[in-house]
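In what follows, structures are represented as structure tokens.
There are two complexes below, and they share subunit A, which is joined by subunit B in the first and by subunit C in the second.
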Partner chain A sequence: MIEQLRQRARELLGEGKVALVIGHGRGSSPQATFPVFITKADAVDRLVFNPFCRNNLAVYLTRKDIMPKGAVGLVARPEEVRSVAVLVQEQQFDADRVVLIGVACAEPGKEGAACEMLKGRTLKELEAEVAERLKGRDPAQDVAARVKELEAMTPEQRLAFWEKEFSRCIRCYACRQACPMCYCERCIVEKNQPQWIPSSARPLGNYFWNVIRAFHLAGRCIGCGACARACPMGIPLDLLNAKVAREVKESFAYEAGFDHEVPPPMASFRTDDEQEFIK
Partner chain B sequence: MAMLLARKNLHALLRGAMEKKYRVVGPTRTAGIVLFAELSDPGALCLDELNTQNSIKEFFFPKSETLLTYTLGKKDVAIADDFAPPRTVLIGGRACDARSLVALDRLFGWDYKDKFYFKRREATCVITLACDRFDEACFCTSLGFGPRATEGSDILLVPAEGDAYIVEAVTDKGRALIAELEDVFTEGTPGAEKVAYPEKKFDLAAVKPWLERNFDHPIWKEEFLSCLGCGTCTYQCPMCHCFDIVDEGDIHGGARCKNWDSCQFALFTLHTSGHNPRPAQASRWRQRLRHKFVYYADKFGTEACVGCGRCIRNCPVRLSILDKLVLIGREAAAAPAPPAGAQPRGVTKRWRATTSIFRI
Partner chain C sequence: METTTAEFEPKIIAFLCNWCTYAGADLAGTSRLKYPANIRAIRLTCTGRIEPMFLLKAFQEGADAVLVSGCHPGDCHYTSGNYHARRRWTVFRKLLEFSGIDPRRVLFSWVSAAEGRKWSELVAEITAQVRALGPFTSFERIVKA
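Entry: the complex of A and B
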């Protein structure tokens, strides 16, 4: 499988179809892979792929200081395919700027789990293939179960739960920086005229920050869990985002990242909407 | 003969300190991670992990410190800035953590003496635990000290054979605390010390001259691309000390807060004009390395890095300062400093061959 992956990267770079391939590189152990940026066909052997490759590489696609003007090859797990679908849908770049090298692992995070190449080449094909792979199974099963636990709490218990979790927040913004959907040039938390969100790592500001980020991801979060894995203080941000994603699914029958051609629910309206306020 | 603390007496030591009305801070397990935090009871102490997620700087230079509070009256403003930190015993830090305090003393006391920092320093007795293990992110020995160094500690506990710690009283403050809690200590013949030294990984003496010579080296364009630009490395670092002062409140009053800030944020150097002298993440990394190993060393005679490895273990993309220091060490060895008067560039052939598509 890894040879197929490297071969595609080699072809793309060799034929000049992309200026850069972003993938996972070998670390000191299989668990310690990290993002690599390959610009030469003879350097593709630096690429690896295993169940522990969990960084969402789509985060780099909107970074101006590293993106070349030409096309980019992206080693894309289902998480990256879905992230790219959202970014294209939100017109951050044209679909033809990113050449997806589809890969998938049967059980991400599990040692020895089988990894394979995805068949699709275009974003459209890969969206369909990823939707098919994810059909009938909840990719974030344990997240769903924990969300149910939270829903079963009283509002007071839930408030206490989140106050405790957010009290550890140090406002390092690793959650935001690891998230492909957080591409704003100036985040609302950095706006200070007026200062919408207190910048001190104190209960009020921490609550504001984490809840507002979750709101801003409504209908956009694809549930890759990069925020929770990036958090150095162990705050389960994936729960918050999974809860919002569920609300969106129930209200709009929509899940982010499966079709870049449909309008996103939070950025569109219908004149025949049954709710008055939205018209 | 030496002073010993039986491992089973560790809780008794903490209980004794709590009974003497000390606030006790130590590593404790919270939501799956081990953090330095105030311990509600001695049993909450958790020494399972080599190193905590957060560093002890939190207890001298908190993530958000109230400098003063103010109340707006009709004609005047009432200000309250009393500050009296609790008497604290801080246990379970490592030699690297303790060393960071000595280095930070020089910064916070250099021209203006930061009363918040020093009052907390005075009120805190630091009991350090020498390391009986290390991991691949540890590099204290590469920085010229080691896992049983006493610098910055008031008391050092060295694990030894026979389920005991050898107790070294380092300062008068440490001796006073031992005298206060003398019941838990014993005199005895110590067993062999169980201290584990990580291998030395780079030549520290070569790092500063290399950084001084290579501001434009291609390394900066190639090696730091994956950096996401979060503040995790700097906030978990025991040495990083940048802060921002903000007023938070409403029309009736509020607080002036001193909050951690990070050179890794794009906003950190963004000018009002819109110009940013550090426009790319790579330039922010270069600043981080140069601050730690050039500017701080020039000004305060020591590096602003203690090799604790927190920035490495916590980095979401495993971008390791140690790997980069090893790389710099190799580069320095391959292209040694030119004699005075020669071209001040040390770019090796391997790097010159790299044509970069990345901006910095």
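Entry: the complex of A and C
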């Protein structure tokens, strides 16, 4: 499988179809992989792929300091395919700017799990293929179960739970840096006239930041979990994201990252949307 | 702070759209309809203009509840501002609930410029409801920590 992946990258770079290939490279151990940026066809052997490749590489596609003028090749797991779908949907770049090299593992994060190349080449093909792969199985079942546990609590208990979790937040914004959808040039947390979100790592600012971050991902988060893995303090940000994603799914019958051609759910509406909560 | 009166008087921050609910509240006034003075109205152009951050800021400043009110669906002065707002609040109120804010403190309504009576009755109803809930001390704890 890895040879097929390297061959695709070699061809893309050799034929000048892309100026850069972004993929996973070997770190200090097979379990520790890190992003590699390859510009020469003879360097494709640096690419590796295994179930431990968990970084969401789509995060680099909106980085002006990294992106070359031409097209880019991206080693794309289902998570990257869905992230790219959202970014294209939000018109951050044209679909033809990114040549997707589709890959997938049967069980991400599990040692020895089988990995394979995806068949699709275009974004549209890959969206359909990824949707098919994910059909009937929820890759984040444990997260969904923990969301349900929290929902069973009283608001007071939940507030106490989040107060405790957010109390560890050091406001490093690693969650933001790791997320492909956090591409605003000026984030709300940096807006200071007025200072919407207090900037010091104190309870109120931490609460505002983590709640608003989750809300800004409504209908956009594809649930890759990069934010929660990036968090040095182990705050379960994926719970907030999963909750919001589920509400969007239940209310608007929409799941992010499967169709870049439909309007984003939070930038569109139906006249018969639910409103039983409005008096 | 200790209240000296027997009954707790809640503070409810109401974010009102200029074209419908604000005019409806005005009509309630000119019609001499009485309603509790617990509402602090903030007039904005449209419910679509109301940022989720506004609600959080109101809680930061000591609100016991917030109300967002605007034009009925189909009546938006800007055609679709309230439709967009409706989607936003559908998700945001669930997120607030999940984050520990009692949904009974986050209220929404459609009140037209002709519904002065609905406005006065609504304010009376939600004021009684929030009064029964008591002061939002759990959030105050976070604000003051």
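The definition used in the following text is that the second predicted complex is superposed on the first by the 269 of 279 C-alpha atoms of A that agree within 3 Å, B and C clash if a C-alpha of one lies under 4 Å from a C-alpha of the other, contacts with A are read in each partner's own complex, and residues count from 1 in each chain.
In the analysis below, contacts are C-beta pairs under 8 Å (C-beta built on N, C-alpha and C of every residue); 3 or more make two chains touch, one makes a residue touch a chain.
What you see is a predicted model; the values in this text were computed from it and never measured.
In the overlay built on the shared chain, the residue A:L20 is in contact with subunit B alone; subunit C does not reach it. After overlaying the two complexes on the shared chain, residue contacts for A:Q177 are found with subunit B alone; subunit C is out of touch. Of the two partner chains, subunit B is the only one that A:P35 touches; subunit C does not reach it. When the two structures are aligned on the shared chain, A:A214 is found in touch with subunit C, with no touch to subunit B.
Contact with both subunit B and subunit C is seen for A:R202 once the two complexes are overlaid on the shared chain. In the overlay built on the shared chain, the residue A:Q193 is in contact with neither subunit B nor subunit C. Of the two partner chains placed by superposition, A:Q91 touches none, neither subunit B nor subunit C. Touch criterion met: A:V244 reaches subunit C, while subunit B stays clear of it. On subunit A, the surface touched by subunit B in one complex and the surface touched by subunit C in the other have residues 202 in common.
Those residues of subunit A lying in contact with subunit B across their complex are 19-20, 27-28, 32-37, 39, 55, 59-60, 63, 65-66, 68, 165, 168, 170-174, 176-178, 186, 190, 195, 198-202, 205, 226, 229-230, 232-236. Against subunit A, the residues of subunit B that register as touching in their complex are 30-33, 35, 53-54, 63-64, 136, 225-226, 228-232, 234-236, 244, 246, 248, 257, 259-260, 262, 265, 267, 279-282, 314, 316-319, 357-360. The touching residues of subunit C, counted against subunit A in their complex, run 52-53, 56-57, 60, 73-74, 80, 83-84, 86-103, 107-110, 122, 138-139, 141-143, 145. Listing the residues of subunit A that touch subunit C in their complex gives 147, 150-151, 155-163, 188, 196-197, 202-204, 207-208, 211-212, 214-215, 218-219, 240, 243-244, 247-248, 251-252, 265-269, 271, 273-275, 277-279.
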